[in-house]
Structure formats: C-alpha cells, structure tokens
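After the structure tokens below, expect a handful of questions from me.
For clarity, chains are labelled A, B, C and D in written order, and residue numbers in each chain start from 1.
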Amino acid sequence: MNPLKSIHSNCGVFGIFGHPDASVMTYYGLHALQHRGQEAAGIATSEFDPEKNRYRFNIHKDHGLVLSVFSDPKILTDVLKGESAIGHTRYSTTGSGDKRNNIQPLRVNFKGGHLALSHNGNFTNTGILRDRLEDEGTLFQTTTDSELALHLIARSREEHMVDKILDAFRQIEGAYSICILTDDKLFAVRDPHGVRPLAFGKLEESFVFASETCAFDIISADYIRDVEPGEVIMIDRSVLESGKEESFSIGQAEKFKHCIFEYIYFSRPDSMIFEEKVDKVRRKLGKSLAEESPAPQRISDDEKKVAVINVPDSSNTATLGYFNATVKTNRDVKHEIGLIRSHYVGRTFIQPGQDKRKMKVKTKFNTVKGVINNRKIVIIDDSIVRGTTSKLLVELINKAGPKEVHLKITSPPVVAPCYYGMDFPSREELIANQMKGDIDKIRDELGLTSLHYLSFLSLLKSVPYKHSRTDYCTACFSGNYPINIEGLEKMNKHQFDD
Amino acid sequence: MNPLKSIHSNCGVFGIFGHPDASVMTYYGLHALQHRGQEAAGIATSEFDPEKNRYRFNIHKDHGLVLSVFSDPKILTDVLKGESAIGHTRYSTTGSGDKRNNIQPLRVNFKGGHLALSHNGNFTNTGILRDRLEDEGTLFQTTTDSELALHLIARSREEHMVDKILDAFRQIEGAYSICILTDDKLFAVRDPHGVRPLAFGKLEESFVFASETCAFDIISADYIRDVEPGEVIMIDRSVLESGKEESFSIGQAEKFKHCIFEYIYFSRPDSMIFEEKVDKVRRKLGKSLAEESPAPQRISDDEKKVAVINVPDSSNTATLGYFNATVKTNRDVKHEIGLIRSHYVGRTFIQPGQDKRKMKVKTKFNTVKGVINNRKIVIIDDSIVRGTTSKLLVELINKAGPKEVHLKITSPPVVAPCYYGMDFPSREELIANQMKGDIDKIRDELGLTSLHYLSFLSLLKSVPYKHSRTDYCTACFSGNYPINIEGLEKMNKHQFDD
Amino acid sequence: MNPLKSIHSNCGVFGIFGHPDASVMTYYGLHALQHRGQEAAGIATSEFDPEKNRYRFNIHKDHGLVLSVFSDPKILTDVLKGESAIGHTRYSTTGSGDKRNNIQPLRVNFKGGHLALSHNGNFTNTGILRDRLEDEGTLFQTTTDSELALHLIARSREEHMVDKILDAFRQIEGAYSICILTDDKLFAVRDPHGVRPLAFGKLEESFVFASETCAFDIISADYIRDVEPGEVIMIDRSVLESGKEESFSIGQAEKFKHCIFEYIYFSRPDSMIFEEKVDKVRRKLGKSLAEESPAPQRISDDEKKVAVINVPDSSNTATLGYFNATVKTNRDVKHEIGLIRSHYVGRTFIQPGQDKRKMKVKTKFNTVKGVINNRKIVIIDDSIVRGTTSKLLVELINKAGPKEVHLKITSPPVVAPCYYGMDFPSREELIANQMKGDIDKIRDELGLTSLHYLSFLSLLKSVPYKHSRTDYCTACFSGNYPINIEGLEKMNKHQFDD
Amino acid sequence: MNPLKSIHSNCGVFGIFGHPDASVMTYYGLHALQHRGQEAAGIATSEFDPEKNRYRFNIHKDHGLVLSVFSDPKILTDVLKGESAIGHTRYSTTGSGDKRNNIQPLRVNFKGGHLALSHNGNFTNTGILRDRLEDEGTLFQTTTDSELALHLIARSREEHMVDKILDAFRQIEGAYSICILTDDKLFAVRDPHGVRPLAFGKLEESFVFASETCAFDIISADYIRDVEPGEVIMIDRSVLESGKEESFSIGQAEKFKHCIFEYIYFSRPDSMIFEEKVDKVRRKLGKSLAEESPAPQRISDDEKKVAVINVPDSSNTATLGYFNATVKTNRDVKHEIGLIRSHYVGRTFIQPGQDKRKMKVKTKFNTVKGVINNRKIVIIDDSIVRGTTSKLLVELINKAGPKEVHLKITSPPVVAPCYYGMDFPSREELIANQMKGDIDKIRDELGLTSLHYLSFLSLLKSVPYKHSRTDYCTACFSGNYPINIEGLEKMNKHQFDD
C-alpha cells in the first residue's frame, strides 16, 4: 500500500554514454526512477579536459528526492559536465541508509584512473569477500556491499578494464544490476540470475541503461533489449562509431531468477521489465484474483452495487483487471473511487503522543464517504507485509460505514525476508508469520469481512516466462533462496555515524 | 489537467477556536487544502499569556508547501502556541504572488488588539475603497485586496468587534470566504452571493471552519453546515460553553452565485461543498457527457475495445461516471489506465533551449503504450483553458500510436476571465477565444480525432441547486458577471519587489 | 567590553541618491556600520521603470550580519536595482528585536507613492501619538516606534512631500537620525537636540548620508558636514543638477544633547561624529583618566614594569592615551598586549550546565600568560554596565597570576537606562545601582585590587563642545533626561511573535 | 597582513581521550585553532555501544568555520557521542580544498576496526608511496596525501596498532603533526624534524593534544610538554589509569627543523609552541628590527612625533616590541593606532569590474586620518608574500596624507614556496622574485618612502633554540629544503570535482 508500505523498494540505476547533456538526461531518468528509492540520489560524470589532456570526475549526491538534490540548476550545467554519466536513486539495502558516505554513485581513484558505480541489488558472499580484502589491508570508506566491487576491480591483475570487471564479478555472488563509469567507458553488469531488471537503449547517437524503461520514455530514448543475465555490456567511443555495443559474459545461471515482486509492486506500470509490460502482468494478476476469489453479490436490487475500489496508485491497474474480469459475469459490481490520495508527499509533523502511523495514513488517504457508506466494498491491493498500514486503512474505510469490507491481495502471504535487494522487515515483523499463517486471524486482526491472498500457483500462472515457470525468485513467499546466502554478512561490522 | 493546468486554483482557508493543539490541527487542515494553493502557507495563533494578562499573536508563514513551511516541528509546538488559530494556503489572486508581505494570514495591531485574516476570493470594488482610504492617509503594507478589509475594520466607529466586521464587509463587494482571528474571538465571513465554499464544523469542544470538508476529515472533525452566504459566524469562550455559534448577517443576495468551477475542477472529490458531495456531482458530469457525446464503437470484434481513459487524478471520478453510463449500452468500451502520473512534484530543471512545457508534461505523465497502441481512445478531462497542456498531452498520447483520439470535456469552453478568485489567464490567452469559438479548429490545433465540450445546459442540469439553476456563477463560460466589477482595480498601483 | 557588553549598541542608517550602484554602495556602507547593530540588516531601493513609467520599490532585509543577509550577489545586482537607496543595521531598541516585521527599512505604500524609512534613535512621545492614531483607526504592522513616523507622514494634510515630513516630525519628540526614501527623493532628518550622529557627504555626483563617516571612507565618499540638529535635508534630481542640497528646519533645540556614549564606546575610532574625530576624543579620555588615576609604581627595579593593557578592541585607543600620558612621568609602566581576542564571532554552543557567560568570555578572549604573570596590571576599559562580563574577564586575568589588577574606566558609573536609542539593561541590573554606588563594593565584587571610574567633570572636560559643556546628553550617568520621556510607552502593547 | 595575506595558513589538529564531553572540548579547541584554517572543520568520535558491545565511529565535517559547521547543537550532543575525539580545521595544502571528500578528519574501516586521522603538514614522498599502493590495487577516495598514511597503517603486517603506526610513518617523509583515533586508543605523531608544533596536555583525567596551547587555555587544560620530534604518544584506558602516557619513537632527525614562520606569523601570540611563548618571540623580532632599522627622527619639535603603527592584529605584538626598543633612545616616536580592522569577516560581494583586492582591503581596514595625516609613519608588518595586499594597504595609508611611510618587516624576503604545509603562492608570484631581490624596486612598487626586511641573521638571533640556530626550517627565505622533496608529487593525478 504505497507510499506507506514497509517495503521501501530497492534502488534505481541509470547510465548514459556519448550525450552532450549526459547529466541532464540522467537527472530526468532518475526522476522517472524515483519510486525505486526516495532516500538519496546522485550523479557522477566523466569530463575530458582538453587543456590538461586528462579526465576529471564530477559528482553530486545527497539525501533527498532527485528534484531537491539537484534543485540548483548550476549543479547540472556547471558542475556535472561531461558526455557520460551514471546516476542512482537509493533506498538503503545494505549499509545504514542515513550515512552520507553510502550514497551512490560511489566514486574512487585507482591506478587505472577514476571509477564510479551505481548498484541495485545485494551481494550475498560479502562476509567472505570482506574478510579476504581486510586481510590484505584494505580500507573501507563505506558500509555498503557495493564498495567491495570497486576493491575487487582495482585489485584485479588483468590488464584491460573489461577483464578487471569480469574478474571482479566472477568472485561476487548475489543480485546486481550495475552501471560502472570509467574515464572513457561505461559498463552495465547484470548478475547471472537476472534478479533485478536492467534495460538497454539508445538516445540519438548515445547509449543508455536504466532499471526500468520508464526512464527511457521521459528522455525519448528507444528501448533495445534487456542486459542479459550474466552479461557485461561495454560502451566506449568506438562503440559510438560502430553503433554496436560490445558484449561479454560473467556466465549465465542455469535458471533465471527474476524478482517476481517487481511485477507485483515495485516497477512502474508504464515500464517494460523482464521483456514484458508491467501493466499487462498486473492486469493479469487482477484477473487471476477475480477467478480465484469472486466479488460478493447483492441480496436484492435495492442494495447498492458492490464497490470494487483500488488503493491509489499502487493497485490501480490490478483493480481494473479484477473488475473487468468480474463484471463479465457479475453485474452487481461497480468500479468506484473510494479512496483519495494526497499528492503532497513528505514528512508530516506528528505530535508526541499521537499515533504516528495513523496520522501518516490520514495525511495520505481520505475516504469518499458517499461511495463507501452502507455498501459492500471489495478492496484490491498488491501485498500485505507488516499489516500495520493495511489495518489503519481498513479502519479508515470502516469509519465511512460500509456494509462489508473484502480485501483481496494480488500476491501470496509474505513470509520471508529478501536478501537480494528489497528492504523487507524481519521475519518476526511479517504479519503472516505473527499470525502463524492463519488467514482468518489476519482477517480479524485487520478488521475485515473477508481476506483473500492470490495463491502461489495463480501467481506463477499470471507472469510470463521464457524457460519455465521457475524463472522467478519467489523467496519472500516461500523461503526458498535460489542464490546461496551463507556468505552473507552485514557489511557494517564497524559502524559509522555521520 | 492538473497539475499543469493554467488555472492555478484559488486559496484555502482554515480556522479553529478552543483547541489545545490549535496550530497542529490547522497544519493538518491546510495540508488537506494544499490543492487550493501551493505557493505559500501560513498560520497565526492567539495565545493568552496569564503572567502578563494579555494576548500574544504568533505567526509563521513562508513560500512553499505546507509540509515544507512548517518542516521544523518547533514552529508548531513552541512558536505557534495558543488555543485558536487561522491558516491559509495561497495561490496569488491579487497582489503579485512572490511578495513575502502578501502571504496570508495578514496580521496587524489596532486599537482593539490584534487582528489576523485569511481570505479566499477577490474583492471587486477595490479601486473605490482604496482611493477613499488613501485620501484619509492610510498606509498600505501589502499589494493585496485583503488588506482593505483590515483597514475598514480598524476604522469602523462601531464599538463591538462583530459590528466593526459587519460594518466593514457591508462596504465590500466581491467574492470572499474569510476567517478572522482576534485576541479572543474567531469569525467566519462569507459574501452575500456565496461564491466560494466555507464549511463549519466541530472537533470535540472546539469549532472549526474550512474551505472544504476534506480538511475536517483529516482531523476527524464533524461537518455541521455551511457558513451561509452573507453570514458572519462568531465563536468565543461563551460559544464554547453554550455549544451554539452566534450568527449575524451582512445581508444575503437575492440569488446565490456559487462558483460552478469548484465542482468541475477545484474541490477535492472527497469534499462536500455547497451542501453536496463533489464526487457525486463529478460522476454526474461524466454521465451527462456520455449522454451528450457517446464513445465510438468498434467496426468489428477483431478490433480492440475502445479505451476510456482518465487524466490522473483530475478526471478520475468524471471518467468513471462517463464509463459507467456508457457501458450500459455500449459493450465496446473498456475503462483503461493509459496515463501514469509521477507522484514526485516540484520544480523540474529545464535546460535553456528545451521546450519548457513539454518537459513539464513528460516529467509528470507517461503513457502506457500497450493500452493505447492501435486503439481508439476516449480521454475524459475537466476543462481546457489555454490549450497548451492539452496539446502536449495529446501529442504524448499520439506518440503511443492510437487509432483515434477523442477528447471529451466535462465543461463548456472557457471564454472569460474570473474576477472572483480564480487565477485564469487573460481573455486573449484562452484557446476558445483564440480559435474564435470554432471547436473544429481547436480539435485540429490539439491534434484530435474529435473534441466535445459539455453543453452549458447539460452542465447546469448536472449540478444540484437550492433555489434555481441560476444559483451558480458561470461567468467563465458566459462572460456574464453576476457581481459588479466596475470598481475593480489592481491593488498594486505602487509596486513592491522583495 | 565589546563584544560581550550588555549595551548592544543602537542602529546604523545609510542613504544614497543618484548613484548607478546605489545598493552596492549601501551594502558597503552598512558593512562599515555593522558595529551599530548585528541583529538584522536591510536595504530598500527606488527604481524607475521607464516601460511602465512608474517607480518600483525593491527591498531585502533579514536577521543576520550584512555580509550574510546579502550573501547572494543576485540580491544586490538583480533585485535591488535603482539609483537611490537607504539601508539599516539594527539592534532592537523598541519593538522586540526578533520579529521579522520590525526589521528596517520599513516600507509602505500611501497616496503619494512609496515610502521607506531607516531610523536610529527612539521616539519618546509614542504613547500619545499611538493613542491618537489608534483612535483614528490606524493599523500597525510592526511594534516599532518608527512606524509612527510613516503614519504621520501619510496623514499629513500638507501637499508637498517635504512639508508632510516637517509636519510629521514636528509632532514627534525624542532622538532620531533618519533616512527616508520616496519614489524620487531622499530625505535625512535629525532631531532638534542632535542626540544621534548623522553625516552628510558626496560620492562623485551622488549624495550620501550615514550614521558615521567610516561608512563614507569605505566607498571613498567625501564628508561635507553633519546634518544639523533639527534639520531636514532633501535630495532629488534637481539637487543633483545644482550640486546643492535643499535644507529645511523642524526647529532646533536651545541646547544640543549629543549622546556622550557615542564618544566613549559606540562609534568607531576612525569615524568623525559631532564634528570631531572619535579617536582623538578617546585618547583624550585616556589622558584625563591618567591624570585622575595614575598607574601604580614599582617597589624596586627588580620588579617587572607595570603592564598597561587594553581590552581589544574597544579600549585600544583610550589605552594608548592613558599610557602615553602616564609614561611621560612614570617610567615604570609598559604598554603590553595581555588579552588576545578571537576574530571568529558568532554564537557558540554552550553545554547545558556550563556557565554560559564564562564560556562566552573564553571563546572571545585569552590571556597572554607571560605578560600578566607576577606583575602589576592596569586594565583600561570604557565602561561597566552589568558588571558580569568585567567580572569574568578579571577572573580570566587573575588565573594568569598577576600581582595586582587595577581597572580604570574612561567613564563614570552607569546608573540610569537610556530612552534615546541605546539598549541598556534595566536600572536594577546595573552594577552601580546594585552596589548602591559603593565603588569599593564593586571593586571587591569584580575581584580587583583597585577600581577607578573617570569623574563626571573629567568626562565633560575631555569632549569638545560648540556651545557649552552641556551640549551632551549624560542621562545614563546622571539620570537627568534632557528630552521629555513622560509620553513614552512601549510600542508593543499588543505583542507579535514570528 | 592577515586576513588578506596570500599565505592561507596550514591546518589545526586536536585530540582528546577519556572525557565525557570529548566532542564539546574538541569543538572549543578547534575554535581556538580557527586561525590555522578557515576553509573546513570536522570532528570524529569513538563511542562504545555497550548493548552491541562494539565501537561506533561518529563524524561531522563540512566547509565553513567551526562555529558554523557545528551550529546545530544536536550534532555535538546527540551525534558526536563518545569519550574520545579528534578534530581538524583546514586550509587545503594538498588536495584541492573545495572537495568535500578531502575535509578531515579522514575516517575509514579496516581489519582492526575504525580509524580516523587529522593531519597538519605535508608528506614529501607521496609520488613514490602512491605508485606503490596503486600497483597493489589500492583505491583512493580523496586527493590528499593524508590518505596514504591510512593505507600504510591498514596494510602493515604488524600485529599491534602502535607497531602498525610506527611501520607506516617510518615509510613517510615530510612534515606532519597528526592525531589518530582508533576504537580504543588515541595516538599523536610528530615527524622526526618537528616541523609543525604539537602540544600535549591534561584536562582533569583526560589527555589532550593540540597544534597550539591556546586550544588548551580555552578548555582550561594544562600544558605538559610538546610531542617530541619523531615521537608517537599513545593514550588508552590503561594510560588513563596510570596517568602516564606511553611513548614510542619513529626515529628523531639529527637536527630539528621547526617552521620559523610559525613564530613570525602563524601561531597565536597567546600560544606556546616549540617550548617558547609566541608573544615573547614576536616582541623579540620587533626589538631586533628596531636595532637593525631605527625609526626616523623629527626635523624639529614643531613636527608631529613619528607614528609607529601596527597592522591589526597580525603585527600587534611585534609593533610593541619595536616601539619599546625604539622609545628608549628616540623620544620622537609615538605608538599610534592608525589602522582600524573590521571584525565582521566573511566573503564580501565584489561587483564585476571592481578591483577585487582593493575592495577586500577596504572592507577590512580603514585608516585613522587624524593619526596619519601630515606625519611620518612607521608600519610594522610580519612579512610580504605576493605584495599585492601590502601595496593596497600602503595606498590606503597614502590617501590619508602622511609625510613619509616606512614599512618594516619582521622577516626576510620570501623567495621560495613551502612544501611542508604552508600554502604559499608559486615562486613566480612572490614579489621578491618578481623584483629579482631588488629591495628598492619593491619599495617603489609598494609606494613607500623606505622598506626594510629583517636580516636573516637577526631573524635567527631572535628565536630560541635547543641545539643550534639551525634548529629551524627557513626554506621560504633561503630555498634550502631540509627534508627531501624529490618524491613529492601532486596527489590529485585523477581529479575529482564535487
């Protein structure tokens, strides 16, 4: 139930090479990816200084939304000069999110020149890698896993940059969609399982990469294809001339493990990810839900039609899918707008003593009383994590005096944390675990007439696949982790506080 | 086509008397009224100082959104103390909007103590009033019409505060919904024609006023009734005790002249104004539009269903009304989400040389290609003012490759400026005037297959009324001004620049 | 003992007419007058708009030092355009200093156009004036006495601007050195007693006014003469052409009453005020003090010479005067630097529980141990007000292990508050009153070996005069107020809080 | 001629171990060391978290003065918790000063925990060290030489922290006074030649280090002794208990090479450095100058006495020394205050087209006309670097109409840049080089009657020494560099821009 959901999304990455306004294009791209991380944003550019005949690396990053971090236009035009750039929007996954040092892109010097990196995902053999690097006397300046990649690249004995990168990522396990900027090259790297999305496109002569294609639309770039699982794409001057990217391979996993939650909730409905349109999948999820869990019917014609309502804007598309599938056979339902969402986001003052979450819900949502009062209500939502927000939203709806409230979720119960880039709460905080999987108890806890979660099978049937239905990581619904997490260890052994 | 529309809304007012957290309640109320003015916000409170046995007036106001103006929590808790408060969200109507002095509430001292005022609307005999006051040696510290009311109150020879207020407003012509705070009283004043809305409610023991009832919902206050056209309501300690407001009258106009645009566009769908639910009226507008201008039909069953799409979020409700009325008889239509709106508002950097409005549209909206491509599209929107934004939005949609684009508007062409509080562009800038009322030319200019405006008659049939269908001001559609505007004159004869 | 003294100075005013960079000249002038008020600063300019054929008034003012209030260079070059300007540096005298509204220049509109005013001093018949204006229905937007002058000007029945000003100030009693800017004229006004200084000068073709001549030096302007007590000087286009100011008279008092404290402490030593160089008077004060209270002598040649030390920088000049007069006859003394002052001013963090004043002294001053240790010390300072800072400074010096500490003050004991523009503490807080005038008790309280105040007679003998020794206001030393203060009343009857 | 001098000073370091308010003490200490670097400031603390049984490192640093960087008191009390801390005030010596990453303390993680470092001075074998580290795959996150020390410590194969530090610094050449904070220890390190000062003291139970003793005075700490050249002092819990520091040695150079410029200009007169009071040395310099270059005499008794004036505040003490030595034999001189310095520091707006340096001088200094006019003037100043400021100051003085202006400098001509921590301009920019050492030409260029530089020999005679007169580095006067600078290389091979 965005924007109050306990899953705070993961991150958004962007890269561009060969454009005179590289930083401005990155700025727009990051704005389109803002939903993937509202905590911090940054852009790094490589600028050739013909006078000194060398490259200069410019960076600007800070806490806040993209529009606010880059609110001074001089930053884009005067500081972030250069024809190649990478950017990042961040919600912390590893590393404590409030440390300034941890904001990406990370940027360093090494023998080979400058290096900057933007990362969406999570490495899972961090403990092993860190121990090794520490033993070799490595200093760490952040508490993020992403810094490990930089050290491994710098330490590689390979001669060429691309080989250093291949060398480094062959040592790394986990989920990662990454853009790397060097003095004169841009690299895009995706993990062998293809957990997180990463799209590849073209804008006039220049090449672009982005977590989602909505970042291409805003700058009128064309989508070419996805970066393949296990692929490293390199762009440099000669690629600009040939018009054909250079492709290398870390090695592809036997099975793809795309994050199914990207389709359920994360990605924007106007994006295409994993080679399919998100809005199409989301409507399919609504349709599957309608088949599995039909809306109630009216007792008599005197009764008002059953209202099918969305939680704006996260379940808008799925609600349409649910409604359209339902109305074909059940003329008792009506699609209604029962919740109004405020567009003015930001931190709201909460008085000491006030119920913090409650006021947050009230500053975000209001009910349309005339729609809800004395009526059967079906709410479609994408997922329930902690359950606290759902509870308050249902409470808000109940105040408007509905006859019945039926909550239908387009995904199964969330039972396990994500180690591949999503910031879920701990296992103990998940309501499905708290109620020991007892759906009736959850229903009662939330104050509902009925509650339905989409079944695991229906979920898998609703998403597209290339090889097999198991092309997806569904660990948060099943607890089965497809990528080894034994080497995982919190990066911030030694904690910083800025 | 909020939030890019050329009508920048008018203002929001709020008042509360007798609540221990008066400033915090006002803060939430203003946040709910944020859509009525995003340029500046302010709160003034009256605080009794028992040590000095006198009242102190506290104020904080600045440019920016409510959450940002009051982002430092100490302002609400430590500065804005006191049990009564008034607030204001502003988009400039008179007075140049960027002058700090002009931000409301206005606050002054006079013989009778302190005085603060929040105003939504516009006075229309300002030239006459100002000349008189100037001749008497009055100093003006703002360039707003609202300051006139303060001078008239202070200069009244009446003894009692309420009589001073009645005296002052009997000299003023125009549209106004006003909250006035004095040391120990709160007044709500509404012009004799009732142009702008003003609701009256109760929160526990305290009394509240607000431009729209959505401001009551956020603080769980109960709506009692509207402040009547021409009514002055007074709240003080004795009213708190009796539980019954004191009502006075400036005089009621023969005919009410509610702003019909409040129903079409301004007010939030979850509010009740002019004693009717906004979402209900807006659905009715959609239904009337469907009757007048049906959606096209498919040529064959092979063709995809016709997509009825909304412009998020301004036409969401009207689109539902249109679709529900249509689908009863025409099974060829489908309600679809064809436009995605970014939630991250704020000023976007636009590069010199870039098309400013175009980038603004692109940073706000994206199309869902799969929905639009190769399909007949019906877009429902509330109004067309300058036409520039509509044109860019249609351009954006056309890029997604639709078969046909039919734009249907839930109001008639806008042909005349508003002198009662809305910030329309000049007569010359209105597209309906530029195209000399030729709808076909407007259609071609916007790049549409067809264009339909709701007829004036259907508009009037779709709104509720108490006395007669002429209970509404429709000047912007007709050019007939129900309140004399001859005495109107720009307040800022002498210009300030901060 | 600047900058920790309890007298927070009064204000600085500046005006210029006919200079293409009027705002920049004012900015430098105010910087030079910064010692006269560190709390807030502002500049107003009048700009002729040839397109609209009318004047525009620009203003910028805020809390903070001049350099910080105008730190954005665009304010000076793009906002504050125009060829005439007035400025103000403020320490609150009436009106609570922390209210934004009270920051000067005050700026208003009235029948005759724009009006802005900068004021140094204090009106003393405020109660009478305010009552009259309030009865006439006047609104007050500040809690300063200065606003009264604006109302009186606007209400004057006189036709010409200069006559309105003469009319207004003939009704006002008190101390005032004022610059008034209208659309096309600049006025300088000084009260009939000439309490506060106001200099008149020329910079190329343009004319300038300033509280002290140091503001002329910084912009290389030439000092012409003082504005005379009771004089109004008018500058406009025709004055620029003739090169000769126009002079009018409010009426001159029989006796001048220059503030003697300006010589003792306020004015900068490099300024000329009341037609005499400040450093010259201050050296004379030191000399008179030496005559009245000689430095101690050594017991033997083995003893280190007696160290005469200054309190940087407030007593630098007087210390030289004292030392030079002393050394002629007493070879046992040596001028030494015993206290070092930090140049980095600003609010220092003080931990809860720490002695606030003590840490403030320590962050400002340090002793030079080698100079002070085991030696007789004579400290020259300008005045003692509350005594708290003197006490802490003596404590600091005593820690360095002197043999004896003799404090000598270049003015008599302060026994009465100032109602003419200085911000002294209340009568009860003055150490001379607390100790009931017992100098020995003050000496003991401060931890001194000896304490000497310059006698009242020696003070009067040390300052220059035109008519008689009684040309000065010495109310703070005597309690005799030369200008009627019976009509004085706090302006902020109704208190604002921003 | 502070604060306009072209030598922008070097840096200030501070460290404290075992104090409950470690960050607050560091804050005061840095404020006292503000003159050693006004560009940026920072504090790092080590805090033991008993719950997690581990150390947390807190840091806050930013561009600006100490009072401004730490203006939010919560930073000191809530963020910078812990009982040990180090701090830094910076003017860039290596690394471009405007890069945020380069602000100190530097803070990293490594195998042994956290590490933070504050450095005053400059390493001189950076090229060699950097090449070696780069070849080993080291990443650099700053462009400062100081980062090298951290890498060397982390890479040391030694087991104990102190041995790692000894190992690291035995590889480093150059000038350095350094504080290093680890989880549970504080180290102070001084280079074998003792170029920069570093004092060691005690505050109640805790131990403190600071560049100058004035930082001890402000917190009432006691000076114990200097950290010896080549010494490493270690403080930990057991040292707190024993009350006796642990001392180690990198190795001491045969000859000490204290920076003689610290006595001439850098250090505060109230500090003790290199085991001598600065004010005493500075008076001695003045005295030597008087012996070498006496003041002129009057022609007749009608002539005003010759004015000996200081440049506030940099030459205050030396001027006293000069004057006192002179007056013994020459009764024609008088110590006068001829220049007034503004206390309100900060960047001043300079209009395009204005002479920038000229306005800077005018916003800082004004002359006292009555002192200078028609008189012979002797100005004492500490040094001439570029000569541009001296020229403008002399110009200012000449405008006041002196008879003669004699400038006397307490040091020899500056002819060579400093590679040990001072930020001198390049060799070509030094006026002594531009004028090819021709003093007469410099005199004429500056517009003086006469110019005298203290001779090299007199300089050496005026400073105290332990071993021999060659205990000092005088490279800037001679070009003889006592520490090898062949391995020196700009650190910022790859340039960052924030």
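Convention: a contact is a pair of C-beta atoms (placed from the backbone, for glycine too) under 8 Å apart; a residue touches a chain by one contact, two chains touch by 3 or more.
This one's a predicted model, so the numbers in the text were calculated from it and none came from an experiment.
J.: Using the contact definition stated above, find the chains touching both chain B and chain C.
T.: Chains that touch both chain B and chain C, as defined above, do not exist here.
J.: Since chain A and chain D are copies that touch, is their contact same (over half of the numbers shared) or different (under half)?
T.: same
J.: Compute the centre of every chain as the mean of its C-alpha atoms, then state which one is farthest from the centre of chain D.
T.: Between chain D and the rest, the longest centre separation is with B.
J.: Give, as an integer number of Å, the spacing between the C-alpha centres of chain D and chain C.
T.: Taking the mean C-alpha position of each chain, the two centres sit 36 Å apart.
J.: Return the distance between the CA-based centres of chain B and chain D, expressed in whole Å.
T.: Computed from C-alpha means, the inter-chain centre distance equals 61 Å.
J.: Measure off the straight-line distance from the CA centroid of chain A to the CA centroid of chain D, and report it in whole Å.
T.: 50
J.: Of all the residues in chain A, which ones touch at least 2 other chains?
T.: none
J.: So that we know how the chains sit together, what is the shape of their touch graph: line, ring, star, complete or other?
T.: Contact pattern: a closed ring, each chain touching exactly two others.
J.: What pairs of chains are touching here?
T.: Going through each pair of chains, those in contact are A-B, A-D, B-C, C-D.
J.: Considering the complex alone, what residue numbers of chain A touch chain D?
T.: Contact set of chain A toward chain D: 47, 49, 54-60, 79, 107-111, 113-115, 134-141, 143, 150-151, 154-156, 493-498.
J.: Would you mind writing out the residues of chain A in touch with chain B in their complex?
T.: On the chain A side, the touching residues are 3, 21, 24, 27-28, 31-32, 34-35, 38, 65-68, 70-71, 73, 76-77, 214, 217-218, 268-270, 277, 279-280, 312-313, 316-317, 320, 323-324, 334-337, 340-349, 351, 359, 362-363, 366-371.
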